[in-house]
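Every chain is named by a letter (A, B and C) in the order it is written, and numbering of its residues begins at 1.
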Amino acid sequence: MREYLRFLVRCFRLSFVGDWRYYTWMLVLTCIALLGLNAYCKQLVSGLATTGMTDQVSWGLYIANFTYLVGMAAAAVMLVIPAYVYRNEDLHEVVIFGELLAVAVIIMCLLFVTVDLGSPERFIHLFLRFNFPLSMLTWDVIVLNGYLLINLHITGYLIYSAYRKREPNKRLFLVPFVLVAIVWAISIHTVTAFLYSGLGGRPFWNHAIIAPRFIASAFAAGPAFIVLTLQVIGRFTTHHVPVNALRLLRQVIIVAMTINVFLLISEMFTEFYTGADHLLSTHYLYFGLGEHRALVPWIWSAVGINTTALVLLYLPQRNRGLWLLNTACVMLIVGIWIEKGMGLIVPAFIPTPLGEVVEYLPTLNEVLVGLGIWAFGLLLYTIMVRITVPVLKGDLTVDTLHPTEVARMATA
Amino acid sequence: MEPARRAEFVPHGMGDTFAGLLVGPVLLGMALVILFVVPDARVPEANPPMVQRSSLSTAPLRAALTDPPVASLGHRCNECHIIIQPRDGRPEAINYHRNIVLRHGLNNNCYNCHDRENRERLVQHSGATIGYDEQALLCAQCHGRVYRDWTRGAHGKTVGAWNPRDPRYRRFVCTECHDPHAPMLDGIAPLPGPHTLRMGKQTGSAHEGLAEKRNPLFHWSEHGEEAEAHGGETEGGHD
Amino acid sequence: MSLRIFEGSGVGASTCGRGGPGARLGVTRRSFLRASVGAAGGMAAFAAAISPLRELTSEHIPSLEQFLQKHYKEMTPDEMEAALDRIREKVEHRYKVRPNIRDIKPMDGVEFIYALNLSRCIGCRRCVHACVAENNQSRDPEIQYIRVLEMPRGTTDINQGNHHYDRATVPDENHFYMPIQCHQCANPPCVKVCPVEATWQEPDGITVIDYDWCIGCRYCEAACPYWARRFNFQQPKLARPDEIAADPNIEASRLNPEMSYLSNRPRRQGVMEKCHFCLHRTRQGRMPACLEICPVGARKFGNVLDPNSDVSNILKTKRVFVLKAELGTLPRFFYYFDERDPTAQDLPAMEHGGVAPKAPEESR
C-alpha cells in the first residue's frame, strides 16, 4: 500500500517534468482548461441562460459532445478485440493507449453531463432515489461509471504490475475484465443511443436505427482518433507503434464507416420517400425550414467530408506513407463530430413538438466550457501517456530512476 | 536530434529550462486574460411584455337581468310600458332603447321573446310566459343543441368549483356572456404572445414552405397563409 | 537509497514546500524559482478562473437543512412542516410577503381531467397570462405553461399552428385556436425518464415536480411530446429589471401568496416546472385559474370518476380527441368541437378566390 502511494506520488511529479514541447503543449491545454473553468463558474452563477439553450432546444453543445465522446470511449474496444480475442501482436503493443483513451474520454463524458445539469449541487439525489431501471439516464450512469472503473482497473493493473516488475496475473485480473470491457463498451453506446431513440415525442430520434448508427459512426471516429494518437505517441516517445496496427485500424474504420453510410442512406430513404412527420426535423437539417437554415451548411460539409474521407480510405495506399490515412482520419473525426453532434442532437428539437421553430447557436461561454473540457481531457490523457510510456519501458520502476529524476539529482 | 532521449520528454537543454521558466509568467498572464479580456457571460435582456393583473378579470362579460328585471336608473319595465305599447315589435320601433342593437339573425321581432302584455315577463312560442331568471328556456326554443350542451356543462362557463355538488359551483346563464339582442360575441384584443429566452423574431407557422403541401385548404386562397393573415386584420365585427 | 534523495527534492517538493532557497541544500535556486513562480502563476490563474463564484448567493447555495431535505414522498409530516417553514422564510426574505403555503394532498376518489371546446376558443391568451399570475412563473425570462396556437382551418396538424399571431382582435374567421398545456398523461413519458424520481404522477392524475429534488438534466423536457415542460434557465424574476428599479416592491405585488409545496411556490434557478392543473386550487375544490379567466367558457375541468361531472358528460356526449394519440401517452386533456348549429349562418367566402370550405367548427 505504501509502495502504491509512493508510485502515485512519483507519477504526479513526473507529470510536471518534460522538455519544451511537453511544457508548451501542457501549458496551452491548461490555459484552455482554465478558460473553461472560468466559463463554467459564470454559468453556475447566472444559470444555463449563459448557454444558447432554450426551452425549445433544451439540449445543445454539451449533450452533443457527450454523445460523440461516448462513442469515442466505446471505440477503444476496437483495439481490445483484435488484441485479446484474435491475439493480434501488433495491436497488443498499443492496446493500453486505447484503454487509457477510454478512461480520459469517459471522464470528459461525465464532465459534459455535469456541466449540462441545472442543479449540479443536487447531484447526490442520484444516489438517494435512483429511477432504475425505468430511466435510461440511470442506465447511462451505471454503464459509464462501470466502464470507467473497468478501464481504470485494466490500465492501472498493467501499469502498476510493470512498475513493480511483476508479471500480471492475466487469467485472474486481466482477461475476465477485458472480456467484460468488450461487451460493456458496446453497451455504453447502445444505452446512450436508447436515451434518444426511446422518446416517442421526438420522431427524429424515435427509430431503431439510431443505436446501430451510433455504434457504426463511433467505430469509425474512435479508431480514427486512435490512429492519430498512436502516431503522436510513436513520434514523441520511445514506445514502439507498429505500422501494421495502424493498417488494421484502417480496415476497421473502412468497414464501420461504410456501414454508417449505408445506415444513413437507409434512414434518409425512409424519411424522404415516406414524407411523414419525421420529415420536419430532417428537412430542417438538410434543407432548412423557411428562413431557418442554420444547420444546412454544417450537415452538407459533414456529408462532403465524410464521403471524401471514405473515398480516401478506399484508395490503395501501398507506398504513400500514412498521410492519406491521416488526412482521412482527421476528416472523419471532424465530419462525424458534426454529423453526430449538430446533426443528431440539435435537429430533434427543431421544430418543437408544437411546431415552433427556434434555432440554436452555442454562445461563447458555452463553447469555452466545451473547449475547457476537451483540453482537460487531453491534459489527462497526456499525463497518463507520459507516465505509462516510461513505466512500460522499464525506465520508471520500483527500484530504478527515470532519466528525469536522475537529471534532477545531478543538478541538485 | 537524439530520439532516444528527447523522445521521453526528458528536459536537457536551455530551451527546456527556458520553457519551464515561462510556465509561471504565462499562467499569470492567463489570470489577467481571464479577469480582463474574456467577455462577460451575461444573458441579453429579453424584456418580455408584462401583463397587469387588472387586465385579468374573471367577472362575467355582462350582468344578467334578474327577475323581476330592473331597467336603467332602477326603473321597472312596466312603469313605462303601461303607457307605451308599440303596435308591432319591429326593431325600427325601438326609440327608447337606443342602446339595443338587434342582430339576432331571423329573430328580429321584440315580441318573439318579450311578452306583449307584461314586459317583465318573457314569452315562449307556446304563449306561456316565464321570468327573466328562466331565460335559458327561452333561448332553448331555437338553440336546442346549445341548451342541451349547456345543461350538461359542455357549453358555457362554469366557475367556482368543479364538483356540481359544491356550493361554490356556478354556471353562467346565457345572458352573462351573450347579449340576447346580438348574441354573437365581438372579437377582443389578444394579450401579448410568447417572448421566450433567445426566441428571436418569429413569424407565421413552423414551416411555411411545407404548409403548401400539408394544408388541404391552402390552394383555396391565392396567396395562401399570408393572404389569410392580411384578410384577418381588415375584418371586424363579422356575423 | 537513491530514491530517498529523489523524494526530498525536485519540482514537486518545492511546489508544496514552504522553505526558502536556503532551507534545503538539495534545491537549486533556479529550480526553486521556476517551481514557485509556476505555482504562483497556477494559483493566480486558478483563482482568477473561479472568481465568478464570488457572486454566488444564498439563492444558489442550499443551506445544510435544504441540502439534506428528503424526497417529497419520504418526508414525515414534521419534516414537511420544517421544509415549508424554510420556504416561508425564503419567500419572505426575497419577496417581502408572508406566503400561505401548505402541502395539499390529493382527494380520494378524484381523477382530474380537462376538456377544451375548440369551437369556442378565440385565442385571446387570457388563460396564458392568468396562469402566469396564479402560478408565480418567471416573467423575465418569460415562462408560460400554456401555448395558444392559431390553426388554419382545414387541419389539426399542430405543426401548421402559428404561436406568434398578433392581431388587433381575435378570433380571425379563417382560423381556429388551440391552447396546449401539460396534458397530465396517464402514461407520462416525462416521469419515466427522470433519473432521480423528481417528477411523478399523483393519485388524482396530476404529474407533479418536487422542485427541491430536480437536478435539472432536462431529460423530461426532451421526452415530453406536448412541449409542456419549462426550465428555469435563470433565476426567475416576477418583474422586469427596469420595473424593479422603478418600484422595488413590484415583485411582492406580483407574487401570489396562496401556494402549495408541489405547485406554485417560487422556483429556483436550474429546475423544471410545468402546469399542475393549479393543484393548490383544484385540490380544494376550486377551478384552475386558466378556466376561471376564459371569457368564452371554452375550458372545462372536473372529476372523471364522478359520472355526473361536467367533464364526464362531455366525454359521454361529445366527440373528443387527444393530441398525438398514436404515442400512447393517454392524455387527460381532451379537445372537442361543437356540432355545427343548423341555425348558424354560413361563413363568408375567403378573401381571394375559391369557395368557402365548410369549416370543422361552428361559426362564431
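Please note the rule applied: a residue touches a chain if its C-beta (ideal position, glycine included) is under 8 Å from a C-beta of that chain, and two chains touch if they have at least 3 such contacts.
Predicted, not measured: the structure shown is a model, and the values here were computed from it.
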- Chain located farthest away, centre of subunit B as origin (C-alpha): A
- Busiest interface, counting C-beta pairs, is B-C
- Task: Please list the single chain whose C-alpha centre lies closest to the global protein C-alpha centre.
- Result: C
- In whole angstrom, the CA-centroid distance of subunit A from subunit C equals 33
- Task: Compute the distance, rounded to whole Å, between the mean C-alpha positions of subunit B and subunit C.
- Result: 22
- Task: Using mean C-alpha positions as chain centres, tell me how far subunit A is from subunit B in Å, no decimals.
- Result: 50
- Query: Residue numbers in subunit B touching 2 or more other chains?
  - Reply: 20, 23, 26-27, 30, 34, 43, 196-197, 202, 204-207, 210
- Item | Touching two or more other chains - residues of subunit C | 42, 45, 48-49, 51, 141, 143, 147, 159-161, 163, 233-234
- Task: Could you check subunit A for residues that touch two or more other chains and list them?
- Result: 17, 30-31, 34-35, 38, 42, 46, 49, 54-56, 280, 351, 355-356
- Query: Which residues of subunit A touch subunit C in the complex?
  - Reply: 9-10, 12-13, 16-17, 30-31, 34-35, 37-38, 41-42, 44-49, 51, 53-56, 58-59, 113, 116-126, 128-131, 134-138, 141, 195, 198-202, 277, 280, 348-349, 351-356, 399, 401, 405, 408-409, 411-412
- Item | subunit C partner contacts - residues on subunit B that touch it in the complex | 17, 20-21, 23-28, 30-32, 34-35, 43, 45-48, 50-51, 53, 55-58, 61, 105-106, 142-143, 145-146, 149, 152-164, 166, 168, 172, 177, 184-197, 202-207, 210-211, 214-223, 225, 227-233, 235-236, 238-239
- Query: Okay, in this complex, where on subunit B does subunit A touch?
  - Reply: 3-13, 15-16, 18-20, 22-23, 26-27, 30, 33-34, 38-43, 196-200, 202, 204-210
- Query: For the complex, which residues does subunit A have touching subunit B?
  - Reply: 17-24, 27, 30-31, 34-35, 38-39, 42-43, 46, 49-50, 52, 54-56, 236-238, 279-280, 283, 289-290, 351, 355-359, 363-365, 368, 386, 389-390, 395, 403-404, 407
- Which subunit C residues qualify as touching subunit A in the complex? 2-3, 5-6, 9-12, 15, 26-28, 31, 42, 45-46, 48-53, 55-56, 60-62, 67, 70-71, 141, 143, 147, 149, 158-161, 163, 180, 189, 192-198, 212-219, 221-227, 229-235, 268-272, 324, 327-329
